[in-house]
Amino acid sequence: MNSTDTANTASPETGQTIAAPDQAAAGEPIIKFEKVIKRFGDITVLDELDFQVRKGEKVTIIGPSGSGKSTVLRILMTLETINDGVIHVAGKPLWHEEKDGRLVPAGEEHLREMRKEMGMVFQQFNLFPHMTVRRNITEAPVHVLGLSKAKAAERAEKYLDLVGLAEHADKFPSQLSGGQQQRVAIARALAMRPNIMLFDEPTSALDPELVGEVLNVIQRLAGEHDLTMLLVTHEMQFAKQISDRVCFFDKGRIVEEGPPEQVLVAPHETRTQEFLKGFINPE
Amino acid sequence: MEWISYLNPLLQGAWVTVELTVYSTILGAIASFAFGIGKLSRNWLIKAISVCFIEVFRGTSLLVQLFWLYFALPILGQKIGVDLRLDPVMAGTLALGLNIGAYGAEVVRGAIQAVPGSQHEAAKALDFTPRQVLWRIALPQAIPEMMPSFGNLAVQNLKDTALVSLISLGDMAFRAEQIRNFTQDSIGVYTLLLFMYFGMALVLTGVMKLLERSVGRWRVGRT
Amino acid sequence: ASLKEIKDNGTIRIAVANEIPYGYMDMNGQAKGAGPDVAKHIMEQLGIKNIKWVTTNFGSLIPGLRANRFDMVAAEMAILPQRCKEVLFSEPNSSYGEGLLVAKGNPDGLHSYDAFAKNDKKIAIMAGADQLEMLQKLGVPGDRMVTISSNADAISTVSTGRAAGYAATSLTVAQLAAKSDKVEAAAEFEDPVVDGKPVRSWGGFTFSQDSGALRDAVNAELAKFKKTPEWQKILTGYGFSEHDAKASFDQSTKQLCTAE
Amino acid sequence: MLFGIEWDTSSNWTLAVSIFPILLRGLVVTIEATVVGFFIASVLGLVLAALKSARLRIISWPARFITEFLRDTPLLVQVFFLYYVLPEYGILLPAFLTGALALGLQYSAYTSEVYRAGIESVAHGQTEAARALDLSPLRLFGVIIVPQAIPRIIPALGNYLVSIMKDVPVLSVVAILEMLNVAKIIGDRTFNYLIPLSMVGGLYLVLTLLASAAVRHLDRRLPKQGIPLR
Amino acid sequence: MNSTDTANTASPETGQTIAAPDQAAAGEPIIKFEKVIKRFGDITVLDELDFQVRKGEKVTIIGPSGSGKSTVLRILMTLETINDGVIHVAGKPLWHEEKDGRLVPAGEEHLREMRKEMGMVFQQFNLFPHMTVRRNITEAPVHVLGLSKAKAAERAEKYLDLVGLAEHADKFPSQLSGGQQQRVAIARALAMRPNIMLFDEPTSALDPELVGEVLNVIQRLAGEHDLTMLLVTHEMQFAKQISDRVCFFDKGRIVEEGPPEQVLVAPHETRTQEFLKGFINPE
């Protein structure tokens, strides 16, 4: 954030140079994986993955269980480390920082700075159960961003309104339905004003009846032009509606990607076709 | 009824038992958190100290600890030229508090570790520092988890106070011994004594349940 | 604490071992017995107003003195050479012989400690008491001695047959026998003879090694008090015979401490 | 001298060396009391657990009360009670058995909970599935529930075995010559408590660490999903 | 099974009389709820429920969470008692039995007899984790039906074949995927040769990818003419394919029922319409 001094004169066209995030032109990759390798013990979960997301783009990741979908998001959020390769977020290397002109492994300070770019919504909501809905949302803005309590509460109000839960601010998460909890989780992530939102199967822990209300909120967010979205989901119909691009993952690689109409409806690859057959009615 | 006459001296002893229970439980709670959190520390020295404390006080018998503090520590003090003569109340409180604290430390550690990893991840995603995660997220969630075990430990502690009678502290069990010395009425004295301890334990259990409910209020609701 | 500190504070801590009649607490927490009653008089004379009574196991009396948990012991502890190495004794305050507590009717026909060296019965003693040495010298093997932690356990130990007899001073035995009709003092008890001398004990007040001044002050008052009839009344009131009282003048502490 | 073994007070080291065999004699008693106490607790706990789960309240409530009472009163007082009160009713047990019985009674309250929790922890769904398949209640209990409960029960019982061992010193109050009592007597005679009491502490530490490791090993060896019985 | 002596001469047309199960004509109600009331404490979960299933019919129950769907199945399996009303299964009262010509509360013997009519598949599979797959299947036939071990093993073979898991007979449940476990559970229930199969959300504990393999097996069963099936599910597409009839439950009552094309595609009731809106793509 305070790096406006570095290399912001470089041509925005050459993706290699470090550009200050605020000036990354739309269409410029805000997320960039280059030959990223991730292993858990013996198994290789991401296998020289190359992957890019442009600023403002809405990308959906689909693929069978264990193909590494969550791992991509978790690495971005620095919840997992990588074994090899380079990742850039908003023009800056995620796992490295520049010191005296050389790239060195990132310190905790740099990682915290990078995480501020992103917000994440988890499959299991992961609300803080011992705090009211409002505290859940204000806690980080107050103690991480240093907002005043009043300011943070105001912000909480705003995002609760956005997800349609203004009147539940004083309840505890256990008093809400799963769908409501997930909407609070979205509000909580938004209150940190991230440029990128990561969603990891946000509806798969929900009763089928409650899926709709969460998808509605996400759909509304997808309307925001500036917000970059990376979404893992099994809701094919929804993916088709909101995505600019769909990536089909298998065994840690992207097998097929493209506009949803192509990947979801008329996939080229047999692996994709097989996978989609498992879903009763992709169209 | 003869045993009515036991009641007064026993009640005097009961007060000592109550005081001792309260002091040592407080000391135990402090030790529990200090060493329980210490055992999870990334600093190896703090971790080693915590592990040693827990293993030593859990690994030896309470009565051995009590006798050691009361009889052996003064001799050790003599050898190194420091006055380590503890009076019985001090020795009793220390032994009981540290012993229960070692068990409590494991409870604290377990409860903190039982906070799901997903909570840590959610907190990290919101950019909390590790220290903030411990104090704002993990501990507040862990405390209600600890309460049932703490309740059991408090009752355990109450029962253990009876052992201080063996270092001549005038608690309820000690008074009972005195009365029996005098009257030789074993049945009356011990029956009364057992029921007094039982009653105190029930009260203590009730208090701990109330406490449990008050710290876990957020756990009400649908699930 | 030193004599000066004790006088300044006006408070002294005195321990008893809960042995009737030497020193014990009654149900209301009042100290009673030959030791405490004499000690109360002495403290009055010394101008020490408060006495904090401490009850402890007999075995903890000497360690307690050494650890400064109390200033003085009024348990009529027998003055013995090996104890003199650890603590200071006043001049004798009393003397007493030995006795044996047995079950009602003395079913085993026991009349001496010697008997236990010859039969296979168990004999109870109190932890830390001097009967242990006595019995060892008489040749009673260690595995037939049952150690109890206080006099209070003696009646049940003997009446239930956990031990055939309880070895203690004649006074203790008489007191215990009076408490319960399941036990009695062995009649026609023969005093044990150890190293050619019949056993008799002399009991006194006990102090830690560094309390010489206090011991001396107590000795001075004790000598005065022992000349009065009140002193004799205290002793006989707790069951000591006149012979016991008189015999307390027979030996000095110095003699007792250096005896072989 | 104790157990016919003399000690040498000339220095701390000689004292430590000379009393070691005496302490080992006490250790044997400690282990004996632990084993006997544990045996009583295991059997009595099973009985209490069965009574507590009885459908008839006239059986289950007294059993619950007894469990609660045993759990909430000090072992020390229970030992005294058994030692002095039982003989008044003509039940005269040797001191060792009295002590072991007290340990067994106190811990039966705990073991009964182990049995109950072990059985209840076997998923509710297992019972339902067995019922849907019409398995008889006996078969359900013996072949479905118990084999799955055992891996949960055994380690918990093992932990109580260690706890019992640590409570044995309380039996010293009725003159049982277990390790701590032996050390205390040596201290009373030599006026040096530091050496014998520290040695007892050390021996206990070794003993409990070994025992806990054994329990953990057992816990790992037991198949988590249960032991198939034919 | 050994009750062929009772009342098998009664006319099969009059549903009231007690008919031996084997002779209940197709089209005859094999399951019949009459004004059944079920309460848990204060809440009424089934509210004077009337409900019938004919022999051989495949009925799907849908409805929001807490509406009492599972409760219906659990009552049939006698895992729950009822507070009021009468249930007949295969012509016999479920919770009552005839003794000396009078209806008295059923004893355990009668309940066991009745349970033999039915098999149940649970959401959480509920396999016995300490037994091999084969043992899971043979346990009840051997010890309940009294089959010889060899006979039972043969039968296990057959049903494992049916669910496509013949080669996994010697594995333990923990070594199988969720979908495979659920197929074993189906085989286990089938090995008791029930006339009625109850499925309580058999796929909702499964990874989306594994749902298909379980539905396939159920679909194959649905082809069997004689087998009565009662299925609770949220897989609307599947329900549409296999059901003869769909019942929409809400608050312990049947709000709407009828052929799947009507209830799922063009429901009359607003409550049903609202519920189905939650599902992205019912058609």
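In this document, chain identifiers A, B, C, D and E correspond to the written order of the chains, with residue numbering beginning at 1 in each.
The rule is short, and it goes like this: contacts are C-beta pairs under 8 Å (C-beta built on N, C-alpha and C of every residue); 3 or more make two chains touch, one makes a residue touch a chain.
By chain, with names taken from UniProt: A, E = Ectoine/hydroxyectoine ABC transporter ATP-binding protein EhuA; B = Ectoine/hydroxyectoine ABC transporter permease subunit EhuC; D = Ectoine/hydroxyectoine ABC transporter permease subunit EhuD.
Note that this is a predicted model, so its numbers are computed, not measured.
Common partners of subunit A and subunit B, by the touch rule above, are absent.
The pair of chains sharing the greatest count of C-beta contacts is B-D.
Among the remaining chains, E is positioned farthest from subunit B, on the basis of C-alpha centroids. Ranked by distance of CA centroids from subunit D, the top chain is A.
Averaged Cα coordinates give subunit B a centre that lies 21 Å from the centre of subunit D. Distance between chain centres (mean CA atoms), subunit D to subunit E: 49 Å. Subunit E has its Cα centroid 42 Å from the Cα centroid of subunit A. Between the Cα centres of subunit B and subunit E there is a gap of 54 Å. In subunit E, no residue touches two or more other chains. Counting only residues that touch two or more partner chains, subunit C has 63, 66, 156. Shown for subunit D are the residues that touch two or more other chains, namely 84, 173, 184, 187, 193.
Across the whole structure, chains are in contact as follows: A-B, A-E, B-C, B-D, C-D, D-E. Contact residues on subunit C toward subunit B in their complex (touch as defined above): 18, 20, 24-29, 54-57, 60, 63-64, 66-69, 150-152, 155-156, 179-180.
Within the complex formed with subunit A, the residues of subunit E that make contact are 64-65, 207-212, 215, 234-235, 237-238, 275, 277-281, 283.
Contact residues on subunit E toward subunit D in their complex (touch as defined above): 74, 77-79, 112, 115-116, 118-120, 122, 124, 126-132, 135, 139-140, 143-144, 172-174, 185, 188-189, 192. Per the touch definition, subunit C reaches subunit D in the complex via residues 59, 62-63, 66, 86, 127-128, 136, 141-143, 146-149, 153, 156, 159-162. Those residues of subunit B that touch subunit D in the complex are listed here as 55-56, 58-65, 67-68, 71-72, 75-76, 79, 155, 159-163, 165-166, 173, 176-177, 180, 186-187, 190-191, 193-194, 197-198, 201-202, 205.
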